[in-house]
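One structure is given below, encoded as structure tokens.
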Amino acid sequence: MNDKNIDDVILAVDNISLSFGVMKVLDSISFDIKRGEIRSIIGPNGAGKSSMLNVINGFYHPQQGSITFKGETRQQMAPYVAASHGIARTFQNIALFKGMSTLDNIMTGRNLKMKTNLFLQALHIGPARTEELENREVAERIIDFLDIQAIRKKPVGKLPYGLQKRVELGRALAAEPELLLLDEPMAGMNSEEKEDMSRFIIDVNTEFGTTIALIEHDMSVVMDLSDRVLVLDYGLQLADGLPHEVRANQDVIDAYLGIPHE
Amino acid sequence: MIYRETGQFKTNYSDDQALFPIAQDRYVILAVLFITFVLVPVFINEYWLNAILLPFLIYALAALGLNILTGYCGQLSLGTGGFMAVGAFSIYKLMVAVPELGFIPLVIISGLITAAVGTLFGLPSLRIKGFYLAVATLAAQFFLIWLFNKVGWFFNYNATGMITSPPMTLFGVMITGPEGVPAAKYLLVASFVAVFALFAKNIARGRIGRNWMAIRDMDIAAELIGVRPLLAKLSAFAVSSFYIGMAGALYFSVWLGSAEPTEAFDINQSFLVLFMIIIGGLGSVLGSLLGAAFLVMMPILLKNILVGGFGTNSALAAHIEIMTVGALIIIFLIVEPHGLARLWRIVKEKLRLWPFPY
Amino acid sequence: MTFFIEVVLSGLMAGVMYSLVALGFVLIFKASGIFNFAQGVMALFAALTLVGFMEKFGMPVWLAIAGTIGVMIALAWLIERLMLRHLVNQEPIILFMATIGLAYVLEGAGDILWGSDVKLLDIGIPQGASDWMLDTFDIYVEKLEVFAAVTAAILVVFLAVFFQKTRIGRALRAVADDHQAALSVGISLHTIWVIVWSVAGIVALVAGIMWGSKSGVQFSLSLIALKALPVLILGGFTSVPGAIIGGMIIGVGEKVAEVYLGPFVGGAIENWFAYMLALAFLLFRPQGLFGERIIERV
Amino acid sequence: MIQTLNDASLDTFPKLMLSHARLRPDHDAIREKDLGIWQSWTWAQAAGEVRALACGLSSLGLKRGDKLAIIGDNRPRLYWSMTAAQSLGAIPVPLYQDSVADEMAYVLDNADIKIALVENQEQVDKILEVRDRCPRIEHIIFDESRGLRHYQQSFLHNFEKVQAAGRELDASNPDFFQQQVDLSSGEDTAIMLYTSGTTGDPKGVVLTNNNAIITARNGVIREGLGPDEEVLAYLPMAWVGDNLFSYAQSYVAGFCVSCPESGETVGQDLREIGPTYYFAPPRVYENMLTQVMIRMEDASKLKRGIFHYFMGHARKVGVRILNGETVSLKDSLLYSLGNLLIYGPLKDVLGLRRTRLAYTAGEAIGPEIFDFYRSLGINIKQLYGQTECMVFICVQPDGEVFADTVGTPAIDVEIEIDDSGEIRYRSPGVFDCYYKNPESTASTKTKDGWVHTGDAGYFDDNTGHLKIIDRAKDVGKLNDGTLFAPKYIENKLKFFSFIKEAVLFGNGRDYSTAFINIDLDAVGNWAERRNLAYSGYIDLAGQQDVFQLIKDCVNKVNQDLSQDSRLGNSQIHRFLILHKELDADDGELTRTLKVKRSFVAERYDTLVDALYSDKSECHVNTEVTFEDGRTGMLEADLKLSEAEIYPVKSITREVAA
């Protein structure tokens, strides 16, 4: 990964705090993600990792702090705005559209790239038709990329877990995001599936130059993939730096060994 | 078993995404269209028209509408009767005011008016979900009916409070009221259903349809990949109400000829249509038609068996009928909660894989 | 002024009636997540049965009531046997549909068994105006409504105790949260459902009696179910106190509107006003009066 | 009528391609399922692609006589690269895409590869890994750029870039391509195919255009193939069969070849394309049949009933109907009903409904498998072929199809059988030589062009068809001089599902005998259905009923052999059921699970001796290696038994009588 050029900051999180009622989920977190890097967020369960992603793509609205994405600073934005600005994500517990086929799930990811109005679609003529076909091809490229041709027209609900995770990645890729948030993409996978998924993540990063923010528990994976690692623990920012630095950090080690917090 | 798919390969996306990619299906559809538009009109008569065909077709149209909202977009609505009323009263006012526009445009305009009203009542869906929303839609039901009952302007201040469709012709053929020509009425309504079924299918398989289903299946995920709940839900309400409005317009002008809001559009209409899509199959165009057919024919069948068969007195027969309908619905929900459409899909799959089981 | 108080009072009374029906909904929704549309028809059915017992078999009131309670329990058992246990784990909407089907069945059955003509129901609940109120405060109040209010109050207390104190009650609350929990309490889901539906049946009977004595037993009685729905969205599907308070609010709001607003819009607005009220309310508190805020996680 | 057939001037593949591009420019030449649909190229388009690629290759310095390695799954671009190379007079050398780097290294070096054109990163990595061992490789061209973005090596080229370069060269020098094509003729080498030599290193078989084209053409004529055949190219490009069926014959007849989307979708793709002309090795047919049976097991009782009833009827009359014999009206009506209910749908789901002609070859195919497909009305035939002559030696004529023959000589093929029983042939397809290996060439191919197949066989008296019995070197003689073909008899035994392995003895003995391994699953199943309890292989193998079951199989084989005047006397006189499964870990099988006869013979010499004595019992004591690598002793008392011997039906005797 050393040969890729990581330049400007694409996303800067500044002093974000989020709480539900009395429960403080994130406590003044600040970090940044540089364009083209793979940025991991790790930490024990309940550390606020997923909440951090939810804040980034506008699903949770922090009480304090601001987020600067591609130069635009705001405290909060509606999820679909985040999406339209180029932030896509996958979910910790698979959130596919169960009633639809693999292809339709990925096509739904194309939503923001499609424009034609209701009437043309009802008649299924002209632009609506061509738009549909063009985007089908894009979707097919993703299917090819993720090597899921065999399940193209199968309803996702019935697919094995590992494949569902792949389809979900495909749906996110379909949006051609600049920043891709992956929430435990390898949770519950066997080593072989993890191997494939890592491969895909690297390829996405190198082939499309997509910036990736990754939540993952498997340390070896994190250390292999990441350019930089952010460590959260019970809403607090524990460490931030290069993989080997983080691995060496005493607080981190304690946190993972479960040293009680004062 | 009937299917012979070997060698049916697609060399471009438009073939692959065609409505009926399998040749055998296309033949079936052609046959159905032939029967619908050529054979039936030849043999049609008043009884069949008014007892079976018109109700079936008109409810099918309404069911299509509701299925778009509830089946595809997952928003439960109990306001169907009210929205049908909007369609009916719109076309009534229009037929009186601007008959020169011609019948078909009037039906469409009525649909559009209903769409507007529907969108309005769809607004709460942005804040509330599930049964809360369902109950909220009842507000529409009761408010609208009350409105058409109380506000004289809607029924042109006539004493009875009834509305009666003025005679209207299409290509010189009478298509409203009792002296309407059966074949003409039938063809008119059948065409509406055919055309708008096609449109529904097209929308459902396109971007907007996918967004609806996304909202239905996992609204949060949908929002996070850029589907705007506001647009998706309101568009569903609009399109749905548009269909239901047209159904209401035809229901009143072509089938009933005259209507009285509290009778013709009461809450049971809402339930009836809801039953149609549940039994037919949520999220399926075919299901809407099957469901309508089923629920239109079943009571007639029952009545004929009871009154005709056992000579039960009609009052008792009515009670038994409603009981049986209820029971059948429960049984049906137990046996196949995904409806007739699902049954058909299973059968089709079996036929495609015959003799293999999977 | 007194007129206004009268209006409010009668609103409260009517509200109590709504609460009675709403209560039935809440019980069942709490324990099985089912939106039981048949609740209203159950009230009608119960009333019809009661009247039937008294008229056709000339039973004394207490016996007729006991008998009807028996019937309602049997009914609950049948419903669980024939319907619910076959629909476990189905989509809520399917269950909802099923209860509409159930409503049809009960309606038909009631009519077939007891005839569909309007019947008078008199189990000796005092009728007419309460002179005492009239004399002391110069306010007109229906005795029946007072009686209903009191009954409702008792019923609520009873239910509250039932839910808080008894083992079954706690089990029921557990089921509301999740089925596994219920099983861990050591009561089979089936039993729980039978119990809940029986209780709901009895509540329906009470409601039936009240409405029946007020305006005769007839099909329209089943429509009070529709009246209870706004109460539900107001009070929340799962909250007993919500049902009561909600009922009051709806009752009062409705009466006040009817009296002060009605004339200008041509009257008969009670059909929908409740809904509009609830709806407006909902837009500001989507989770209802007593529902707690939901934090969605992904 | 296919003009290209009888036009002798079209003596190279590029010429054939260009003529199709003229004659049927808009007819599909090749298809690939990619991005969800069947991307198609007409002959005209394909010719354009090839032209661009050829020019591009020459701009990379590929010249007459140079070798171009082609590595990857069946894909249009890789097929084009063959024609492109041939256009320049260069020689394409397809390699097995699944072989590991080391195996590749040998071929790449031995074939003096100058440019390697490969499918993807996986193959590129392999070549880079062994590049130092094949110094002559100058360039590597890759089709899929995925994952190669960060490979900086200057000798790596993207397929599109090469074609682009080619188009420039073509633009600047429009006549270049045609000139190059005209330079080559039928005598020039068309392709080099490496035979995966069972012994020693693979040998590069050099085939000329004439070899390939004439053979392909004869095949096309004999089977009456036309430009509208559908063929699925799913077997390795490095294998001569694929080169004949998906390349040579396509270019001769002008039919379209379709490449599947991926390994796991072949089944689906087969159904979509519905080939009219299909080749598969026996194991493919076998797997298909097993799948059918397994899936039917889960079918509803009624459905299963119908299925088995009609399959039964098909077994009765299907083959005869296919052979054009007349059957009773009732039977043929019943068959057409079955065709409506079962055969038709079944063939459709398998993707073979449109298949007019299906070949199988390579190894013996089980009769019941063979008949299953034929009884469905699929005209599957056996052929006998070799890389050394571009496949065709013998083919079964329509209507004369038998499970145990390989048919009559193909057009222009002469066959003779020398006294040792080895088959020799001569044909226009006979290869030029083994690349850089004159001694092997000399030992295989005589001066006057006869090729030793190394197979033993003879022409069957009843059918006049060639019968392959064994590798020549394995064929021996009994003391009475009868041919002893162990493999042939072992196969006959192994066609019974109950028998997993069999080892025949008899060379230089008075009569033949057999060791038998039962198939634990099949026999175990059989036993359970008879609720015989058993504790494992040894126990099961020892059971009296099982012994009887196997004995029946042996008897059937003997009966079968007795029909054969030459092999009749090699009927199995005595046999035993081994107390253990032959196992590679014990060195009894090769790693490819072939029996090492000699090793087994000496390891169990006591048993062999017992078989040639009149003992009916024999104690044996064997060392075995368990899965975990430990070894242990295995003791057992084995039962020996005579089998039925049937009178040999001898032609000569009949003649005499």
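The letters A, B, C and D name the chains in turn, as written, and every chain counts its residues from 1.
As a working rule, a contact is a pair of C-beta atoms (placed from the backbone, for glycine too) under 8 Å apart; a residue touches a chain by one contact, two chains touch by 3 or more.
Keep in mind that this is a model prediction, so the values were computed, not measured.
Enquirer: With chain centres set to the mean of the C-alpha atoms, which chain is at the far end from chain B?
Expert: Max centre-to-centre separation from chain B belongs to D.
Enquirer: Looking at A-B and A-D, which one has the bigger number of contacting C-beta pairs?
Expert: A-B
Enquirer: Taking each chain's centre as its mean C-alpha position, how far apart are chain C and chain D in Å?
Expert: 78
Enquirer: Averaged over CA atoms, how far is the centre of chain A from the centre of chain B? Could you give it in whole Å?
Expert: From the centre of chain A to the centre of chain B is 41 Å.
Enquirer: Centroid from C-alpha atoms only, then distance chain A to chain D, rounded to Å. What do you get?
Expert: Chain centres of chain A and chain D, defined by C-alpha means, are spaced 48 Å apart.
Enquirer: Send over the residues of chain A in touch with two or more other chains.
Expert: Counting only residues that touch two or more other chains, chain A contributes 59, 91, 95, 136-137.
Enquirer: Give the residues of chain C that touch two or more other chains, as numbers and ranges in rising order.
Expert: 298
Enquirer: Can you list the residues of chain D that touch 2 or more other chains?
Expert: Where chain D meets two or more other chains at a single residue, that happens at 36-37.
Enquirer: Can you name the residues of chain D that touch chain A in the complex?
Expert: 34-37, 146-147, 149-150, 261-262, 264-265, 268
Enquirer: Using the touch definition from the top, list the residues of chain B that touch chain C in their complex.
Expert: Residue list for chain B touching chain C: 70, 76, 124, 127-128, 130-132, 134-136, 138-139, 142-143, 145-146, 149-151, 220-221, 224, 267, 271, 274-275, 278, 282, 315-316, 319-330, 333-334, 337.
Enquirer: Under the definition above, what is the set of chain A residues touching chain D in their complex?
Expert: It comes out as residues 3, 103, 136-137, 140-141, 143-145, 147, 149-150, 152, 203, 206-207.
Enquirer: Tell me, which parts of chain C touch chain B in their complex?
Expert: 35, 82-83, 86-87, 90-94, 96-98, 100-109, 111-112, 116, 226, 229-230, 232-233, 237, 265-269, 271-272, 275-276, 278-279, 282-283, 286, 288, 296, 298
Enquirer: If you look only at chain D, which of its residues touch chain B in the complex?
Expert: 31, 36-40, 230, 271-274, 292, 295-296, 298-300, 303, 306-307, 341-342, 344-349, 351-354
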